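Quick one: this structure, given as structure tokens, is what I'll be asking you about.
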């Protein structure tokens, strides 16, 4: 499974050099991640109700080419490694010409309503099964 | 009473034209506002504990001169109109040369723990008295 | 003429209280403003090439109801007062139920390639005529 | 050499859960990086004049504990691997109790006035020597 998210760059996301500031990418990847979970049938609203969410513990980004404003970018998101308590997601951003401008990985630990790490395999077996098949 | 807040501009706060983006100023004014309340003996931590805070209902900014990065700016904050349920604050930002680059007014309605408007004169008479004398 | 811009709220735009932070609205209004100018046939790319743009000199926002994440909001934009060197724009944001959550006005002074105020009636008579008819 | 940067967290940097949003950390690390270079005698203003700057090509963050508002955090910055065209920087953020809340690495490629990668050993031998000794 691979989900696609379209991002329209915003004017203030550009820095003095006219390129998208590097701290903006994690925001876009989070939007893409929400789309990925929603496609699995586990929307942010679901997470919010259940109090179970994928806390980010590690984030790695590679800046391959600059983006600017105005541009329409495409983020693709797919699953990396999976374990009952852990999840890795892999992302790629391409521009209008298909050039890869950024890639990223995020590592998540599932946390429960008490704010502590939990096993999604135990707590949300349906979602875990969907992640396995994704 | 007038409080002073020093702001060091940040690189990503500049836009493509090399000037501080206009949406950044409300963030700086909020920092200045917290300093103003702290000087009155009513810090954010106090507000948070009591569940009473000055919800912003109106914001007016005048952009008089551009700011850039790196710059050290000075925000001054003082009280405008005051009523048991309402508060106006007045702000001015000057650069290193004393040139006024931005002025603003914020209008606030006090809200209580239930999220509804409340009278600070009744709920927090000490703070109200300090605001009157400020 | 009235243009419509759809905004999907973003997770980090919410503050500790779960509501969209007040400094986010100017960013959305800028997106709406770009849509307004694009509808007039004067896109950001055109502005950028010509070096003529509507510098913001005054911004007024009224916060009428909170917004949150996730929400899909609608911004409408229309012209206010117009003069050869000045422009006022009027905005309104409504939520999915049609409730008005925010209104705003921005005042602009046209600046030319030299960074100084200019008359758009003289420099871009076509755009000025379109603004008059909008 | 290790430089220290003090960061006061800002209210809108907190998300709905009351913790600093993960996309804020790269902004703080950039502030810390500028302090590191300034301590070497190579300020942002110098970079800007010379047109030579350390373009970020890779960013890795580890989220170890949450931060909130208001908090005063300390970022320490030191050099990692160095080559004529490349630079790695290592960072750590601790809270008021000395607890490490975040660590990061950034990888940079030096770019010159033409926007292309360049050797800082050739172009700025003094800065390169200082980096070697740092």
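By letter and in written order, the chains are A, B, C and D; residue numbering begins at 1 in each of them.
Throughout what follows, a residue touches a chain if its C-beta (ideal position, glycine included) is under 8 Å from a C-beta of that chain, and two chains touch if they have at least 3 such contacts.
Small disclaimer: the values here were computed from a predicted structure and weren't measured.
Of the two chain pairs examined here, B-D and A-D, it is A-D that is joined by more C-beta pairs in contact.
The greatest centre-to-centre distance from chain C, using averaged C-alpha positions, is reached by D. Remark: chain B and chain D have CA centroids separated by 29 Å (rounded to whole angstrom).
Centre-to-centre separation between chain A and chain D, using Cα means, comes to 24 Å.
Under the contact definition stated at the top, the residues of chain C that touch 2 or more other chains are 11-12, 23, 27, 30, 69.
Taken as a graph of touching chains, this assembly is fully connected, with contact between every pair of chains. The touching residues of chain B, counted against chain A in their complex, run 11-12, 14-16, 18, 21, 23, 69. Chain contact summary for the complex, chain B toward chain D: residues 10-12, 27, 30-31, 34, 43-45, 69-70.
The part of chain C that touches chain B in the complex is made up of residues 22-24, 26-27, 30, 55-64.
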